[in-house]
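Below, each structure is written out as structure tokens.
Two complexes are shown next, each including subunit A; its partner changes from subunit B in the first to subunit C in the second.
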Partner chain A sequence: MLFFDMMRDPAFLVLCAIVLAGCSGLPGLFLRHGTLGQRLASVAALTSSLLALPSILYLLLGGGEASFTLNWNLPFGPCEVALDPLSLFFLIPIFLIFPAGSLYALGYWPAKSQASEKSVTFFYGLLACAMAMVVVARNGFLFMMSWEVMALSGYFLLVAEHGEKEVRSAGIVYLVASHLGGAALTALFASLFWITGSFSFPAPHSLAVAGGVTSTLFLLALAGFGSKAGMMPLHLWLPSAHANAPSHVSALLSGVMLKVGIYGLLRVISFVSERPLWWGALLASVGLTSALAGICVASAQKDIKRLLAYSSIENLGIITTGIGLFLLGEGSGNPRLAFLGLAAALFHVLNHAIFKPLLFFCAGSVMHAAGTRDLDRMGGLARRLPFTAFFALCGSIAICGLPPFNGFASEMLLYLGFFGEARSAVPFVALGAPVLAMVGGVAVIAFVKLYGIAFLGEPRTEAAAKGHEAPVTMLAPIGLLAALSLLGGLFPPVFMALVQPALRALAPDTGLVSALPVPPVWFAVAGGSVIILAAVLYLFLQGRVKGRQASGPTWGCGYLRPSPRIQYTGSSFGAFFSSLSGALIRTRLHVDPVTGLAPSAARLSYAPEETLLHRVVLPFLNIAGVACAFLRRLQHGEVQIYILYIFATLMLLLLWVH
Partner chain B sequence: MIDTIFHMALVLAMPPLLLGVIGKTKAAFAGRVGAPFLQPYYDMGRLMQKGIVLSDSTTWVFRAGPVVTLAATLFASLLVPLGRHAAPISFEGDMILFAYLFALGRFFTTTAALDTASSFEGMGAAREVTFSCLAEPTLFFALITLTRLSGTMSLTPMLQHVTLPVWLATGAALILLLAGLFVVVLAENCRIPFDDPNTHLELTMIHEVMVLDHSGPYFCCILYGAALKLYLLGALFVNIALPFSSGNGFLDWGIFACGMLGLAVAIGVVESVMARLRLIRVPQLLVAALILTAFSLVLVVR
Partner chain C sequence: MNSLADQLLVLCLLINFAVLGTSRLAFSVRSVAVQGVLLGVLPALVHPFSWHLAFIVVSIILVKGGLIPVLIIRAIKKAEIEREFSPFIGYIPSLVLGALFTSLAFIFAAKLPLAPEHEGLLVVPAAAATLMSGFLVLMGRRKAISQVLGYLLMENGIFLFGLLLADAMPVMVEAGALLDLLVGIFVMGIVINHISREFSSIDTSRLSALREE
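After this line comes the complex of A and B, so read on.
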């Protein structure tokens, strides 16, 4: 009886779903035939999502909150997990993308052909579970444990193809960056413990200590969570990690794990009662810099997934800008700005969690079809993959922030925030609007390139010409995400209803301006009219030219023997803009020239350079490595001695405490 | 109601006339008689009668390109006030929708260009997206200045706020803003000095090269959409440049239409006296326009 009573409690259902997600890959580890294990994992993922999503929506819209305390015998205070509007809101992307990716993996990473399937499936579930635990944890120690499980399962997922050198080095960079971030977070929770005397999270708006201390907390949170969220210049690990992971993993990393960083930042900000104005200014400028630099570098990429990864940096920059505006508005007593900034940020969290996985899934299908991640070796896939091409088009329009898709709605809120500031005495904040317009313009370059070069034109290689459409298990999640994306663009109130509770929890003052300044009906009218008008025109013109249609080769401007190789490539498409942005985007050439009387094969390859990583950070790390060479003697790979280290450290700490 | 009908009639019928006026002006400068004013209408009518030739490389995206672009531009036409008459649709934030509808059109025009597998069209598409991402911030700077002047965030009240007294008070800022906007009108519509709509060398073209493979009714859509875009961005310019109201509704329509024709003559004059810029110089001019509009904001804030 007790069990059934508990099952009626939506909050308990959410916790069950989290556990179920974590266990989804377990059966597969023990089954000899991987296919069954993988199917079981997908069923478990879908079930967990069916349990969780309705309960989350019920709690979020009904204003329910819940908290559970687990008795653990560890000296870190009570182990509390709680579901409040902020946690519930950030659980939505997890339970949306995790089952979608799990379903997608059936076709994309099948047990039949991928030896690493078992570990990928297991860690995929564990990653989702760990992310959800991070979001619901209310104890600093539990938070850090979940955080580490999240970071490590991310690592094991990302090195699924560890046979390749590129993947291994991406994994190392990820591991280093994620531990540096983890160190900042450990310092953060240690200082919280020092202030409050407990590992339990302080209640919202309860932390009122001297300015310097809270600002240290804020900076630690920014370093730790910002590096997870890929804010520039802490983004160095992100592009190669997201590019080298399997696509359904990239979707989860990019669509959801980055948002966990945003969640952490918002959570820490919510502790503090007095937030200085410069926090907002810092976040807004970091956000705009990330957005502009991220998308500029994205437009120069020729690796389809690297392009998407850099565009994640852009989108997270937009979200950070929104949070910055929220703090600025709150600090300067401007509830309108605070409302619009935070609403835009949270709305964009949802939006990015929809269209970025959509595009990563499409990129996965494209890679299956063309056998490469290199845009310059694709082309003409729209004929071979008509459905994927259609959904990728939806995703590309959405991510550029163009109507009628959801990206437009959230960017509109941010624009309104900026424009409203044009009326203030000193309109510094309004200067963000042209920057955002520039970001939008460059996003069009990046995604016209991605879509046009990969899907349109003629296939540039044999492999691209023989591609095949993805199976229905891969198309279904993509189609669902595309539909959600359109829904959010035409009817933003649907998404705003989810945003509102979190908004009220974070910023009770903004309740004064609870309504959108734009009457939401105009989104539906504008989007709907453009779609209907276009459809009517299309049909009219189709009817008009019926029977008077001829076909022939593309006009070659007089050149009679065109070949697919003369098409504009992705690199040439982005080159003109890259030439304007100078030092930010450089291309590295590898040339083996023709030499000698009997030359061997000559070759030339090119790739956009990671300027910051290769020119600044790696040389610095190399110097540090030389300087710290003596420490390597401690690192000899003998496990028993490592255990001795741990023992000795613990003993010393015990001595110190007594 | 009657205003909406007038608005729709002007917006739907007048755009090709601007092209005719520009052509006639250029002919006059060159000492020729030139094509009749209504030539663009004849051209479009003729195109509608024709069949089409489709490239073997293309997919449905190629045919959707002109259609979506025209649909987006048509909706944008409902957001701009014409002279002293309010736009049929006006809400807070409509100027952002206005700018983004053009961006949607650009997205589709350029993807349709890439669909043809022609390197020339790819080249044109790359230039189009690059130049417009420099032109867009200029438009937004101008909108910020107007928001600050009028205190509103909708095109109709924003543009109708610019009256003679406002001109007298902030003339310098408005002149800088108009200069920036004029550059945007020329750049976004691919006029000289950014692009030569009459050129026949594919290597140097921007807009025309993207639509090389379109024919028949689809090409008509593109021409009409381009004329409409010129008309709408021009209307933005004229609304600020002509702050007069006669008090009589019908006369106001006339004043506005004359203003638009005047703008067409001005564009014709620019096209006659200037040469096309080298492509390398184009970004510099666009950035200069950006800084001009930024100055206008500084002057308004002071």
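After this line comes the complex of A and C, so read on.
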């Protein structure tokens, strides 16, 4: 009886769903043959989502909160988990993308052809569970444990294809970066413990200590959570990690795990009662820098998934900018700016969690069809993968922030925030608007390149010519996300209703301005008119072409046998723009030129290189490696000597105790 | 009763020297097994009877006196080795160092702030001396099987320390420690088999090529 009573409690259902998600991959580990384990995992993922999402929406819209104290025997204070509007809001992307990716994996990473399927399925569930635990934890120690489980399961997912050297080195870089971030977070929770005397999270707005201490907390949180969220310049691990993981894993890492970093930052900010103005200024400038630099670097990439990964840095930059505006608005007594900034940030969290997995799923289908991640080897896929091409078009429009999709709605709020500042006494903040416009413009370059080179034109290789449409288990989640993306663009109040409770919990003062400054109907009108305009143009052009279609050889401009290889490549398309952003990224050529009278085979290869990584960080690491070479002598390889080290340490400790 | 316990502890100390001073592996394994059985009997002498205690005694004797030695002896037969040749630390120096560490252990135990009911006993010095002998074996020997023996000696030392707390020690902790040990021995056994199959030698000092370059 008691159990059924508990099952009626939506908060308890959410916790059950979290546990179910974590266990989803377990049966597969023990089943030896066939695809049963993977199917069971997908069913468990869908069930957990069906349990969790209605309960989350019920709690979020009904204003419910819940908190549980687990009984653990560890000496770190009560183990509290709680569902408040902020946690509930960040649980939505987890329980949206996890089942979608799990379904997608049935077609993309099938047990039949992938030896690593079992571990990928298991860690996929564990990652979702750990992220959800991070979001609901209210005890610093539980938070760190879940955080580590999250980081490690992310590692095991991303090295699924560990036979390749590139994947292994991406894994190592990821591991090092997440441990550095983890060190900052450990310091953060240790200092919180030092201030409050307990590992339990302080109540919102309750932390009021002398300025230096809270600022230290803030900077530690920025370092720890910022490196997880891929803020520049802490983003170096992100592109190769997201590019080398299987696509459904990249979708979860990029669409959801980065947001967990944003969640942590918002949670720590919510502890503090008095937030200095410079926090906002710092976040806004870091955000704008990441957004602009991220998208500039993205536009020069030739690897489809790397491009998407850099664009995640851009989007997370936009979210950070929103949080920065919120703090600026709050600090300067401008509730309208605070409202617009935070609403834009939270709205964009939701939006990015929809269109980025959509694009990663599409990239997965494309790789499935063309057998490569290199844009310059694709082409002409729109004819061969019509559905994927259509959905990728939807995702690309959404990510550029254009109507009628959801990216437009959230970036619009940010623009309104910037423009509103133009009339204030000190209109520095308004300078963000042109930067944001620039980001949007470069995003259009990047995604026109992605879509145009991959899907339009003629196939550049035989593999691309033989491409085939993805199975329905892969298309269904993509279609669902595209529909959600359109919904958010045409009817933003639907998503804003989810944002509002979290907004009120974080910033009670903005309650006065709780409505959009633009009547929501205009979003529907703008989106609708774009759709109608596109349809009319399409029909018009179709009609014009139909009557006068002629076929025959074109004038070859002197090329007698034109081949698909003379098409624009992604690199030539982006060459002009990347020449402008040369300070950030450069395309390195490796040339074996034609020499002599009887030349041997000549080759040319090229790869984009990020200046920060190749000119600053790697040389610095090399110097550090040389400087610390003497430490390597300690690493002997002799087990006996290692035991001697342990013994010596033990003896020293014994002496020290005396 | 305590005098009997002390005599057993002295025997344990002597067995440490037996292990340190011999090159014959089978003899070392048997000595460590005997030491394990002695240690298994000790709690029954020190503490009053309880079912929990009886469980600990029986399981310790079965695992340390029966299961583990059988596993190791089988590994020795499979790998076809009898002796430890040319250790890093020779047998005579091992014995000298063992004597040194044992006397250090006594000094250390005398300085340790112990509960009054434990002060007269030999338990703490014997524990520290056994632990350090285990370390000595680990550091001084080449063969993988000797390494296993070193771990066993160390565990015996740790167990002796735990003896002081046996009343307070929950069954779970005890079972966990035993299970750990057993799994450790299993893994070592598998590793030994693989090493001897792949490299036709179980000399751990040749494994240094596995370090990162």
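Just so we're on the same page, the second predicted complex is superposed on the first by the 590 of 658 C-alpha atoms of A that agree within 3 Å, B and C clash if a C-alpha of one lies under 4 Å from a C-alpha of the other, contacts with A are read in each partner's own complex, and residues count from 1 in each chain.
We adopt the following convention: a residue touches a chain if its C-beta (ideal position, glycine included) is under 8 Å from a C-beta of that chain, and two chains touch if they have at least 3 such contacts.
Here the structure is a predicted model, which is why all the values come from computation and not from measurement.
Contact with subunit B, but none with subunit C, is seen for A:412 once the two complexes are overlaid on the shared chain. By the touch criterion stated above, A:639 is placed in contact with subunit C alone, subunit B being left untouched. Applying the stated contact rule after C-alpha superposition, one finds that A:654 touches subunit C and leaves subunit B untouched.
For subunit A, the partner touching the most residues, choosing from subunit B and subunit C, is B. In the superposed pair of complexes, A:12 makes contact with neither subunit B nor subunit C.
Once the two complexes are laid over each other on the shared chain, residue contacts for A:193 go to neither subunit B nor subunit C.
By the touch criterion defined above, A:58 lies against neither subunit B nor subunit C after alignment on the C-alpha atoms of chain A.
Taken in their complex, subunit A has these residues touching subunit C: 635-640, 643-644, 646-647, 650, 654, 658.
Per the touch definition, subunit C reaches subunit A in the complex via residues 88, 108, 111, 132, 135, 138-142, 147, 204-205, 207-212.
Listing the residues of subunit A that touch subunit B in their complex gives 379-380, 382-383, 389, 393, 396-397, 400-403, 408, 412, 415-416, 418-420, 422-423, 426-427, 430-431, 433-438, 440-442, 444-445, 447-448, 451-453, 455-458, 517-519, 522, 525-526, 529-531, 533-534, 537-538, 541-542, 544-545, 547-557, 562, 564, 566-568, 572-577, 580. Listing the residues of subunit B that touch subunit A in their complex gives 48, 50-59, 61, 63-64, 67-68, 70-72, 74-75, 89, 91-94, 96-97, 99-101, 103-104, 106-107, 110-111, 113-123, 125-127, 129-130, 132-134, 136-141, 143-145, 147-148, 151, 153, 202, 212-213, 216-218, 221, 283, 290, 297, 301.
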